[in-house]
Amino acid sequence: MNNSFGNIFKITSFGESHGQGVGIVIDGCPAGVELDEQFIQSELDRRKPGQSRITTQRKEADGFEFLSGVFEGKSTGSPITIFIRNQDQKSKDYDHIKDIYRPSHADFTYQEKYGVRDYRGGGRSSARITAGWVAAGAIAKLILKEIGIKCQAFVSQVGELKLEKNYLELDLSKTESNDVRCPDEVTAKKMFELIDNVRKNRDTVGGVVTGVISGNPVGLGEPVFNKLNATLGFAMLSINAVKGFELGSGFDGVKMRGSDHNDAFENKGSEIGTKTNHSGGVQGGISNGEDIYFNVAFKPVATIMKDQSSVDGEGNAITVKGKGRHDPCVVPRAVPIVEAMSALVMADFYLLAQTNKLRG
Amino acid sequence: MNNSFGNIFKITSFGESHGQGVGIVIDGCPAGVELDEQFIQSELDRRKPGQSRITTQRKEADGFEFLSGVFEGKSTGSPITIFIRNQDQKSKDYDHIKDIYRPSHADFTYQEKYGVRDYRGGGRSSARITAGWVAAGAIAKLILKEIGIKCQAFVSQVGELKLEKNYLELDLSKTESNDVRCPDEVTAKKMFELIDNVRKNRDTVGGVVTGVISGNPVGLGEPVFNKLNATLGFAMLSINAVKGFELGSGFDGVKMRGSDHNDAFENKGSEIGTKTNHSGGVQGGISNGEDIYFNVAFKPVATIMKDQSSVDGEGNAITVKGKGRHDPCVVPRAVPIVEAMSALVMADFYLLAQTNKLRG
Amino acid sequence: MNNSFGNIFKITSFGESHGQGVGIVIDGCPAGVELDEQFIQSELDRRKPGQSRITTQRKEADGFEFLSGVFEGKSTGSPITIFIRNQDQKSKDYDHIKDIYRPSHADFTYQEKYGVRDYRGGGRSSARITAGWVAAGAIAKLILKEIGIKCQAFVSQVGELKLEKNYLELDLSKTESNDVRCPDEVTAKKMFELIDNVRKNRDTVGGVVTGVISGNPVGLGEPVFNKLNATLGFAMLSINAVKGFELGSGFDGVKMRGSDHNDAFENKGSEIGTKTNHSGGVQGGISNGEDIYFNVAFKPVATIMKDQSSVDGEGNAITVKGKGRHDPCVVPRAVPIVEAMSALVMADFYLLAQTNKLRG
Amino acid sequence: MNNSFGNIFKITSFGESHGQGVGIVIDGCPAGVELDEQFIQSELDRRKPGQSRITTQRKEADGFEFLSGVFEGKSTGSPITIFIRNQDQKSKDYDHIKDIYRPSHADFTYQEKYGVRDYRGGGRSSARITAGWVAAGAIAKLILKEIGIKCQAFVSQVGELKLEKNYLELDLSKTESNDVRCPDEVTAKKMFELIDNVRKNRDTVGGVVTGVISGNPVGLGEPVFNKLNATLGFAMLSINAVKGFELGSGFDGVKMRGSDHNDAFENKGSEIGTKTNHSGGVQGGISNGEDIYFNVAFKPVATIMKDQSSVDGEGNAITVKGKGRHDPCVVPRAVPIVEAMSALVMADFYLLAQTNKLRG
């Protein structure tokens, strides 16, 4: 159960950073979906390493292969398996961490939990495994496209640099126009410089990715232990390095009064909507048709190019050398991951909602 | 699946605000746990309405009954069912909302999703159902006690009033000494006044509850789609009115550099620990033995004593009258709910961890 | 997970033979189903004890109460909880088995597994808990009625007395016309006599219940690990005392040649069907539209009125006295249970099938 | 959910007969298990086609590759993915069935359910996918070996030829000594001749596989909806062509009286056991320590070398030609599949049982 996500459109993740590769099994994809390979690859390309000098220099084409579930370009209702073979595994780079615990990595906890660990590049704890999630998310996006739901994301903060506009004031189509994936070009430039400086300083920095889901029907999400907001939060907190999630008014909303925060309903002609959207498109755990928007906080990447003090497996004090390839800031490459996870959530809830009412 | 939570220690929630009552089935409680009824009741008492003038005036004893699973005071390994009968259901109070959609309530989304709804007091969407969660959480606490894990929570913010101390600077045993459940008495007093003023103004205000889990073994939580942090987030975001969750350094951590944020390991004699704890006790989704701490953001309660504009079921503009009983600020009563949910998460992961290694 | 059954229409069973009562939570019942209480009670009445001299003499009205999920007579999409309070609990009858293990009962395995057991009347292992299943099955039947699916069952064997007609040669509407629930009156009479003789001899005897599901659409059941036949088998083998399950040609089919066993397709005008039905209405785990029929083997009831040798908790040889109330043959009362379980399977697969194809 | 099996040791099956290959993901294998590749391959070899003239002539080496989860020969607690590439896919052999429905195959039900199907060699409905199950079962066997549980199976019936000895009268180590996998050599020879005659007659025949699980601890299996017997039945009924399952006394047991059928407990010195074993090692859904034994009925293979009447996708009457490669009788190759599925059930329940009691 621990490597699966979803109720109906259920993914099972597998693979390691420096093993054979990483992959995903999708169980529950409806039959007949046209699996646009070019689109899936383009989504993987947005996540892949080596895109610019502010991302890790590991070289991976991240080409994928369908191992099952596809016939004549369409889903068949059988499990779809996607496999992405590792290529640039410099496993030797990791011999020096075989017996040591890198600060704020998962080395210690994996070793203690399992008594054995694949230490090469973080093994199973590497963010490389999100390649499989992005591939599955691309298929979820193809399904959502038919319903009119769109999942977008962008970088809204890097370190102390916060984009002081909300998503409605931005042109999200510009997100891909720069390496930072911030749709505001002036801020993007500043963010790039900040990340580049951090990189030169052999350090790393955190950031925030904002997600926006639009074109939502009313009624997705289940009210008690499968709330749309809770499942989105779970999905985002499953991404490596995420430390926080807020939806709609979020942490700032706690300062407000109910009379200001409440979203008054109004008749928008063809449908009932709300005047404001502090709820972030979810009420009682269920989509109300308004945009769903949320923030995801990423901590600074734990791998830094500086020496750090730590202990080895026997508890002896040691120094961890700054070595290996890594991202100085994870948020630019996290944008497609956030989109993928939100698409997985929405596609799953869309399918699940088919069971709420009887059909003749 | 939508009303169940947990993998091994699995709860299924049922009931409505103004129906027969609310309850919980616990499937997977190990056999032989002494079910201390007095303790379970004391936890329910912390959540129950009518505790002070800053909570709702609904009168509910919230006495509970075991319907199954208990024999001679002990769990038997069979499902434990706890039922809390409703008493003070003023259902007539809700006739006026039968056909209208209250702003920022779940009236509209439930009606659209299901085509039918129990509108009395919010029905299934009422926070009253968390009484069952608190009862189950009390049993989880009894299990955790044997392992030495302690789940605590307290109010750290009300509206703009933020407690400027972290949990290590506080004496958490004082949390229950005041009606706000803030362990800092000076701040608690200010918070009480703020809530009372908001109440007099017929309005509501949001707040933050901080959770602290201590005495943790290393190795709880599963690494990929069952991360301890993600599951805690999911649990908290399942509580009514929650809009945000952050663990460890959270949203503030994004501003830091990796070299400051990383938690250096050190040999603490009997065990390996970390010098700082920006990770919040979780690395790679797994507990590292340090304290787990997190913040939960609650929006202002949607029920206010003021008139609001809205629409009815046919989309006609109407005015919602300020009527009914409610909490001006939900966080004081949310403290035991946050504790209960975190206890459920920890007990579940503790049991699940028994399956990670082979035993002879 | 161990007390729940179903994927979408998911039931969670709770309760014990001599505790407060037995019950069921149904999570995933679509909203808007008219919950005909009279029908639910009539199904419970078919299962309840004390129906004739060939059933146990325990007196239970088996009246039920909705604890949640119902509003103005309809399902709301929230969990439906049904509770049946125990009345005629002669718990003292069971003091003599507190420390002993009755042969072929679950006393020994429960005690060893859990270290504690509710020994009164078998506690959780009592077939009394199937009352909750029958109530849930009644609701499943109400759903299936709208689709045109009918779940029936009848007694086809008692001891060595086997009904030598297949279901197509019988008038299933006569099943309820006698206490044995065999639709062939001549055989029913013989079966009654056999059971009554066994009873007088203070012994018990086994039997077979045949289930028939008609009016099936094509496409229910999932092909690999959720096959319709496998799930039906699982459901039936979950009923107390069941030792075997066969579908379609079953164990006799192994003697056939493929050329005789294969069911040729033919065009039946409005639909494609098969000339023969050795497949029992399921091919590749999926319903093909033909009738589904199957046999369920029940062993003789373990409680007999004779002295038996056994051991106590310390392993000392003892004699178990023939005491208590019980059924001399379980199959007459098992008929509504088999029907209920098959209705639960079919309703669940019907709802699940809504997610196999995309809808606009 | 439809391609996964197990609670803790959970397998997800993928792949098709004539696609890239077939595979399995195992999520929940404890860390530190030595994954003996030679043993896994030897189990696959027992299932692979082309073993003798009474099995299909398709040539597949069924060599496997670990795609994930293994490090230095051991399980790491991460998902283990095993992939078996298809080699001898004569897909062109299947062009003639593209638009027709073969009798008693899954062509019709898949087409109706999904609107699209991979018709090549049965696609997903091919028994070829059980190669993945056998590989996973081999790992389950490696785990069970450490506990002392042994899962064996053998052919006990082919057509009308029934082995008239029970498993205690046989030397199960002789099962692999002949192509039929019947441990009684005289009967095995007769069975071989029967199958070979059926084959020459271009027909097929059914059979029975008997499974025996020995070395069982007391306490495996969960009492209500996860009974050991029900889960074994579900596992067996998930195997292609299975139409029946019976455990212990099974269908024959219905003829017995309770006084004969009951298994008296006795003190066997080091443990409590039973004098007889009509229960088949399971009481109340839980293992009692005695041998578990059961029969699995396989129908005759649907693919025959004779012409058959059927319909095409538009419902036109057509003739299906006898073509393709197939097994004249499936039971010899089904033996390792039955063993694999029973090993998966036992390993899963063993791990799950770790959560029933609290450990300090």
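A, B, C and D label the chains in the order they appear, each numbered from 1.
Here is the rule we go by: a contact is a pair of C-beta atoms (placed from the backbone, for glycine too) under 8 Å apart; a residue touches a chain by one contact, two chains touch by 3 or more.
Only a predicted model underlies this, so the values are computations on that prediction, with no experimental measurement involved.
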Next item on the list: Provide the labels of all chains in contact with subunit C and in contact with subunit D.
Entry: A, B
Checklist line | Copies subunit B and subunit C touch via same or different residues, half shared test | finding: same
Item checked: Distance-maximising chain from subunit D - centres being C-alpha averages -> B
Checklist line | Rounded Å distance between subunit B and subunit C, as computed from the means of their C-alpha atoms | finding: 39
Next item on the list: State, to the nearest whole Å, the distance from the C-alpha centre of subunit A to the C-alpha centre of subunit B.
Entry: 26
Next item on the list: Starting from the mean Cα coordinates of subunit B and subunit D, work out the distance between those two points in Å.
Entry: 46
Check: Where in subunit B do residues touch two or more other chains at once?
Finding: 1-4, 7, 13, 28, 31-32, 77-78, 110, 113-115, 124, 223, 356-357
Margin query: Applying the document's contact rule, which stretches of subunit B touch subunit C when the two form their complex?
Written below: 1-4, 7, 10, 12-16, 19-23, 25, 27-28, 31-32, 65-72, 74-81, 83, 110, 113-118, 123-124
Next item on the list: Please name which positions on subunit D make contact with subunit B in the complex.
Entry: 8, 28, 30-33, 77-78, 143, 146-147, 223, 351-352, 354-360
Note to self: Using the touch definition from the top, list the residues of subunit C that touch subunit D in their complex.
What the structure shows: 1-5, 7, 13, 101, 103-106, 108-110, 112-115, 124-125, 129, 157, 159-160, 198, 203-208, 218-219, 222-227, 229-231, 233-235, 237-238, 242-251, 253-259, 261-267, 272, 274, 278-280, 283-288, 295, 297-304, 306, 308-311, 315-317, 353, 356-357
